[in-house]
Every structure is written in structure tokens, then in C-alpha cells.
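Note that chain A is present in both complexes that follow, paired respectively with chain B and with chain C.
Up next, the complex of A and B:
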């Protein structure tokens, strides 16, 4: 059963706190202008080259990928890829002539002609920075064999945006920190982390708020630091946060008002007939807390991860096969959640 | 099973809207001052005479009663009698030397030396004004055989407070009006009813707020109107409110947001670990609405009535056999409710 699941339907190392790990590499072709300055012919050329680099390689990895044309998709299907973090919102919004390579288990995506010519992205459940970085590196090496990415001995990889210059790497972990949030410790932590060259964001990247105590933590510095150092740095801090969060949870769980809140959150999710995405995130955060604490049984973290992915707005509409109104989505979300949480207690 | 239940653990006629009916008669002995002006000897004399009038009568009813001395009870036991509407809060608070006769099914109580020497009170589930008034009348007649209550040809029964002068009767029904409340129609109805000589109150009588859409409706006029007319008047208006409430419910139930609210109320009651009395009344009002509409199964109105009686604060403490803190009560209430609603869906 579990090996048929996609990465976001599993739970990994330190999965009680770390929901997922992501590494992305920004790369560009040498002799074609950056995407913002390309004409149609250059865009097609860039795309052809990247596809060939993968599909005409001798690597067995190649057979695992599909090439998806964004403008051949419905808005809901593209939106669903955004919700699964496989493409960026900007990429979906301006999909004309853009395509993405996605591995069958949806753990690897290669966006072509996003902000940079090539954006390699690897996702994994739980805390898995080393494995994820290694996989990204393998894809990078494979593509580089034929593409020879733009690289400067002084500056490193050249990227459209100077903040990516150097390693072109951004590594991030999605952390679930309900106990630290409850203790009011999050804002202090966020401000300390920025001094350490790390940046925190909400669930859906830059500019999105923190919902359901989900905090995305990523490296900010891409210059003057190797990929390994950056990953190591992030991993150490993630581990410290895992420890701090676990400690706070243990202290909170003895409190009846916390048990009450967790139990009620489950009760509402098991019965609601209308459920907004925001309320789902807030309540499922409590349920996730309850599951990790062993207070609730009948569901595990992998199930919760799969449920969370399945009830995102565009994913719901894509499943229904049509654009749903906000109320229709809330009805379908409530139905999906009730079914998934039946028997949990 | 059902015939072992007390009156407040059943559901009666029009029980979907009318929770209960109550009739009380205020009576006084001729040759003893009103209770507020009695000395200890007179108080004892009054009590002895009332007890004798019942227990030394030849009526088979007499064997059905117990005499309870308020100051022989714990605060919780007396409070529980208040919550079951068997004695008034004032009677419980100043219980020294006071006693009450209570029938085994707790549907009839006779307070001695409350505001008046004798307060006969009959309670019944559902809309049952005629039966309730008849029972009160039977008790009145029985006691009057030996007590010869103070009566004036012009004024009728003499009472301490002039608002009871005449029939000395107050009849009331407890209505559950969630749909009229939701439509915002309650305040208009309340103001119209006062023009018709009726008065509305919250769940626990004068000065208490309306919680969980429970409205107590009673006659105000005791002079210039026979008991029968007063009862008839109240019954007609109660029936009109029953019809209006049923109509509003039918209109509301088609709405998904109403179904959602009812379902969530059940969900919270089934899972909460802490539950205040106020929140229980609010949420159980929704559940009651859902049960009457056939939306929820696995519980009936009689069960809900029994549950409501069992989770009132003093009744909870009396059951636990000790004074409970507010939090201990909320824990015990939540536990009792979770158990009672298990399997309801």
C-alpha cells in the first residue's frame, strides 16, 4: 500500500514535526537570454534542449518522467500542481508555452522557463535534507552533461535574480510547530532565525501567512557558502526546532484545555457539512498534534498528509473535474474529511 | 423503561417545541401571618398543619409523597431540586426550618412557608396544561379539606404578593424556539405577548436570560380571569408559537449552513473534554433541533431531556457526592455528555 503512495501521502523522519523537505536548484543555459527576455523561438529552443537532456540521456531516471504542458491543462489541474508544490503559482498563472517535467511519484519536478531556464525541485516527506539534496544534485549532474549550465568561477551558477546567484540552491523544511506557536515563541524564533541567514514563510511560500502552525524554513544565503554547508546549517536548526517543539508539546499535553481543544477539533472535522480550507488547516493542525501525542488513534500522519493534499482548493476541483464554487468546495472538502476521519477517536 | 423515568426524563405532546408545562398555586392559611412575618412557632405550626393535611388525608395520593427538610440536605442536593424546578432558588437559599413535599416521580412539589404558606406545583413533559392544571386542582382540593385556605369572595385567594391575588395560579410552558430565534423573531413575539397578559422568561425564571432558545411563557394576570380562562389563553398562544416555530424550522432545515451548525454542535458535544453549562445549553439546543427534524438519529427528545437535567451544575455535584469546582464540573459534564451521545449521528 505505502509504496503506491506519492511522497506527500507518506510521513518521514521526525514526521511529528517535519512535514516535508524541499530542495530546488536554479540553473540557466549559457547562450540563451534569461526567460524574462526570451522570444518565442528561444523559449521553444530552451524547452527542447532541456527535454532532450533528460529523455535522450542514458539514465534510467528518464523513463520515470512525464512532460506536462501547462496550457494543455485546466486551471484546476495547474492549480493542483501548485498546491502539491510541483510548480510555482507564477508558472501556473503564465503557463502559455511553458512545460514541466514531473516524476511519476511527484517527488521531482523540473520547471522549464520559469524565472530561470531550469528549476530542479525535489520534495520528500519528513526531515530528509541530505537525501533530497543528493537527488537534486544527481538530476543537476545528469542535465549538465549535455546542457553545460551557465557557471562563473567567481560567482558560481548565474541566475536571473541575484539572490539565487552562487549555489542557486534553496533548501527548505516545512515544520509543524503548534506547541511553540501556542507558547507564543514563534515570533521570537523567526526573528532569531533571520539573523542566522534563514527565512521563514507560510505554507505556500513567500507572502503567505502561517496557517495551522505550519512554518516553512529555508536558507537565504546562496553566495559564499557551499551547498553542503547551507544544508548542514538548515538541518542543525531544524533539529533544534524539532527538539524545542517536542519539549513544548509534552508540557502542553498534560493540560485538559489542550486535550479539549484537540478533541473538539476532531469532533468538528468529523461532523462539519461546510469546511473552508483555512478552517481545515487550523483544525487539522490540532488533530495532527493529537496524533503525534498518541492521544488520537485510527489515523496516522501519512493519512493526514494525504488528506491535507487532497482537500486543497484546486485539487478538489480537479478531482471533481470542473471549477467548483467556494461553497461547493467547502461541501466537498467537508465530505472528504468526514469520510477520512470516520472511526478516529 | 419509560415508566421508571421521572417526568423530566420524558418527552410529551408537541415535545418538539414544548419541553415542559408547569402550574403552581399560591395558598395561605387563614389564621397565621404570611411567612415573611411568622415567628418560629408559627412556622412550625404551619408546616405541621400542611403535612397533616396531606399525610392524614384518606387520599391514596398521600403515600406517593416524601417530606424533605431543606436544612438536612447538602447545598448540592438543594441546588439540584432548584434545577429540577421543584423548589425556588429563594427557598433553597433560606432553607432553615423549611420543608417541601415531593411526589416520587418528582412531578408534584408542595413548598411550605415559601413566599406563601403553601405553594403547590405540578410539572409535566410537553404541552399538558389541562392535565397539569387538573392535577394541581386535585391537590388544592385535598389540602383545602382540612386547611381551609384564606379566600375572599371579592378578591379570591389571598396571597402575600398582590400579583398572585385571585386565582393564585401561574401556569407556564417551556418552549424551545431555535428557528424563531434564528429568524430574529423572538423579541417581536415577546413584546406582543406581554400585551396579551403573558410574560416570557429564561430557563430559570425571572431575571434569567434566554439560553439555547429556551423561553418560558406564563400567564401574568391572576385577577378578573378564571383559572380555566388563563390556561386556555396560554394554551392557544403556545399552540400558535408551536405552529410558527415548526414552519420556521422547515424553512431553515433546507439550508446547508443550518445543517452544518447542527452537525458541528453534535461533533463538539461528542468530543469536548471541558463543557460549561452555558455551552451545553447552546449546543444541545442545536442538537435538539436536529433530532426533531429527523436529521440526527440514535437519540430521542426524552433522552435529551434526561441528559439536560443530569448535567445541571448542582445535580452534577449532588451525583458526585461533593462540591465540585467549576472545572471539575465542566470535566464531569463533558464526560456525561460524550457518553450519552455516543453513537448519535
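Up next, the complex of A and C:
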């Protein structure tokens, strides 16, 4: 493995609030039933076509991808890909006979036979909606040259679930909003956002909870709005949330109560011998707040992002090369965190 | 918060639905949410009506002709039950029955985004065509502006320059 940092180990634009950006496109083949109605032969056929579309294209990016079979992976390896948002939890759980194309820098994944035949995903650090959407767009254009995705003049790109019709695009940003959460403004914002055609989800997608004030914000509407309009909407709202969060942080940091909480969170992370994933997310949220507000130094946001990625449960186990018990994981997590935060004050 | 439908049980599900482009929100308990089939895209669609008529007319239900997609074999009933379309061709076969449902969630059924073989995110060029400005026209506009701002000295200089250019054009 090269030493270059991955997107989840870096901090990008507006990185104090926006952890990462993701864009996914749903696409399907015209002449094969959608995944829930495919038989084994059709599943293999669609997989072969998507692989060929990439690897037999003359594009220089083809050499940058690996095809990974979920069957050939340990549960921990597959889980680690979920934690890095490269595959969905459903894809990992029902991955039998399924595969995914992943770029070497882990910023692009193409899931084959997930909810749709093709799910193109691009990930970047920080707020990078245009850049991320452009990359997804280019990959779509490349694959379409040989796959000729199912498209209808009226309904746009055809998808297995009608809620993805049209652009098939879901763009999202992962926001860290501790100050807005602290002020109790989060639930009000979340309900207002739904009126603007945007949805919020937990860290790992639909149905997952919000931990450590991490909120995923995405566009909801895929039909009737162009990709550019959807991205613009999302970017405008994200920027407003960034401003609101920064203002709230400045106001909150003057409070001794908040300073105390940040300092205590750091204290626990620097000394704990057992650290659950949930506790880490909660406390590291405080430390992240402290770092972005200039109250803590000795670690930067990129290092914090890298640390967060490295102590997720499956990623910890995958690195250890074996299935770890919950306690073994908590010990290893505490150790990793102590080491990373040693010089922080 | 109590369920907005039954008013008895605790609300657990927050429902946002878009009908003809108007968004409404509801907090429901699990039972009411399930009763209203909010777990499925094709909520509130009933096939009982046809069965009912069949019963009145004394025709056994099984004899009703079920339309199936020739490509994947899915019937509309199966699509509604699973919330999933069978294949790309289903959108054509069941077009007339799907469109009202699609309009109900999006308020439209007209795609305005990327088309295959194009780029989705190309920023469109400004509407006005590119103007080629000649030095002569530039000076005329500048003179007009100078007159408007009562800078007559500058206007006189520009006038002479314009005359010179016009002469040059005539003889060129």
C-alpha cells in the first residue's frame, strides 16, 4: 500500500464543519431485469458487462481499479468497506455472488447488482460537491459508451425503485454540527431542510442514528431537477449550515461549561483503557470541536479524520487480521486513540 | 408526541410526502404507518375494487387477465407489492399506471437532467451570443458615454479618433 493519504484521512474545504462529500449515481442495463428479479446467469452477465465496460475501455482510469468479490472477503474486510462508505451495509450483508470495483485511492466505487445494476459512488474530503459530481459524471459517461444505460426521454434514467428516477443522483455532505446540536437547533433545522427537498440521515445512511453530531445531508428529489440544480441547492444549504455552525461555535466557546466538556472529553480519550465505538464518536466530537475552535492543539483535522476511520469496529478487526471480540476491539481502540492524542493539549 | 392519525399511541415514524409538488409532514405510530403502507412507495393503492366488481358479476377472480411485462414477467400487482419495478421495459408496459404514482411523489414526471452521451454538469453558456466589438464601435460607445457624463473634452478627442478610423475604413 502506498503512503498517500486517502480521502477519509484528509481534511478539505470547510473541513471544520464538512467532513466529506459523496455523490452516487444509479444506473441500469436495458435488457436485463433489475437486481431483485435477476437469476444467477443474469447476475453474472451484468457483472461481466460492467467489468468489461471499465477494463476494456481505453480510458486511463481503468488501470486504477480493482474488482473485489464480496465472497472472497472476510466479514471484517467487507465491514471495513462499509465503514469507509465504499459499499452499502445491504451490499455487504447480501454480497453473495456480488462484486465491487474500487479505485486504488478508495475514492471511487462502482457496486454491481446492488439495488440497481450499477451504483457509481465518488467520495472526497471536505466540501467538494462540484468536483465530486463531475467525477461521477465522467465515469457514467465512460461506462455508458458500452453499457447504454436504460434511459427514457420522459423519466430520465430508469431505476429499480422509482424514488431514484430521473438523474439517479444522490449527493450528500457529512456535516459535523456540535454547536448547532448543543443549542438544540438541529431538530428544527432538520425539519426545515425537508421542506427544501433535502434529507438528513445518520452516519451510515438511511435508518442509522446520529452520533457525535455527525449529520449526513442529501438531496431528495431526482426527477424534475437537473444534477446542476440539485448540487447547487445542496451546496447553498451546506454553506449556510457551515456559517451558522461557525457562529454558534464562536458563541459557545466562551462558555466555561463548554470548555470544561471539551477538556474532559480529551482527558478520557487520552487515558481510557476501554473505549467503545459509540463513546469514541461522542467524545471525539467534542475534541474535534476543540481543535477547530483553536482551543486544542497538537493534532489537526486530517489526523482526526484518519483516527476516526481507523478505529471503526470492522476496520480495527480487519487491520488485526482476525475477528475481535467487542472487548478486544475496545482495548485496541483505546490504545490507538491514546497514541494518536498523546501530544494534544 | 402522539400519533397524528389515531391520537393514542406514541408517534415513531415521521412521514414526509410530496403530493403534486406540495410537501406535507405527519408523525405516525408504527401501526398507523404500516396501515397506511408508508413502508412502500405505492402506498394506498388498492386492487380490491376490481376483485369486488368481479365478485358482483359472479366472475371468479382467477380468470382476470393479468398483464405481465414480456421482458421480465413482472405484473403490476407484484411491482406494487414489492415497491420495485421489474425491469426497464416495465416502465413502458405499465406506463399509464406508474405515471400518476410518480407525479404524486415528484409533482412532475419530466426529467430535466443529464442525457446519455452528454455531460450533466456542463455550465450552460450565457444566453447572448458572443459579441465582436470593433475598435470603431468601442470608441462610439465611449463617446456616447462621455457625452452623457458631460465630459466634452474627451468626447471631442474620441470624435476625432472615430473620424480618423472611418476615413481609414473607407480607403482601406
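Everything below uses one rule, namely that the second predicted complex is superposed on the first by the 342 of 345 C-alpha atoms of A that agree within 3 Å, B and C clash if a C-alpha of one lies under 4 Å from a C-alpha of the other, contacts with A are read in each partner's own complex, and residues count from 1 in each chain.
Following the convention adopted for this analysis, a residue touches a chain if its C-beta (ideal position, glycine included) is under 8 Å from a C-beta of that chain, and two chains touch if they have at least 3 such contacts.
Predicted, not measured: the structure shown is a model, and the values here were computed from it.
Asker: Please indicate which partner A:44 is in contact with in the superposed arrangement: first for chain B, second for chain C, both, or neither.
Answerer: Touch status of A:44: no partner.
Asker: So, does A:226 touch the first partner chain B, the second partner chain C, both, or neither?
Answerer: After superposition on chain A, A:226 lies in contact with chain C alone.
Asker: If you stack the two complexes on chain A, which partner ends up touching A:34: first (chain B), second (chain C), both, or neither?
Answerer: Touch partner of A:34: chain C, not chain B.
Asker: So in the superposed three-chain picture, is A:331 touching just chain B, just chain C, both, or none of them (first/second/both/neither)?
Answerer: So A:331 only meets chain B here.
Asker: Is A:268 touching the first partner chain B, the second partner chain C, both, or neither of them?
Answerer: It touches chain B, and chain C stays clear.
Asker: Which partner does A:141 contact after superposing on A: first (chain B), second (chain C), both, neither?
Answerer: After superposition on chain A, A:141 lies in contact with chain C alone.
Asker: Contacts for A:167 in the overlay, against chain B (first) and chain C (second): which applies, first, second, both or neither?
Answerer: A:167 sits against chain C, while chain B stays out of touch.
Asker: If we overlay the two complexes on their shared chain A, which of chain B and chain C does A:250 touch? Say first, second, both or neither.
Answerer: neither
Asker: Looking at chain A, does chain B or chain C touch a larger number of its residues?
Answerer: If we count touched residues of chain A for both partners, the winner is C.
Asker: Which positions of chain A sit in both the chain B and the chain C interface?
Answerer: The overlap between the chain B and chain C interfaces on chain A is empty, containing no residue.
Asker: With touch defined as at the start, can you tell me which chain A residues reach chain C in the complex?
Answerer: It is residues 28-34, 36-37, 130, 133-134, 137-138, 140-141, 144, 148-163, 165-167, 169, 191, 194-195, 197, 221-229, 231 of chain A that touch chain C.
Asker: Please output the residues of chain B touching chain A within their complex, sorted ascending.
Answerer: Where chain B meets chain A, its residues are 256-257, 259-260, 263-264, 266-274, 327, 331, 334.
Asker: Spell out the part of chain C that touches chain A in their complex, as residue ranges.
Answerer: 16, 18, 23, 25, 41, 71-74, 82-88, 91-92, 98, 101-102, 105-121, 123
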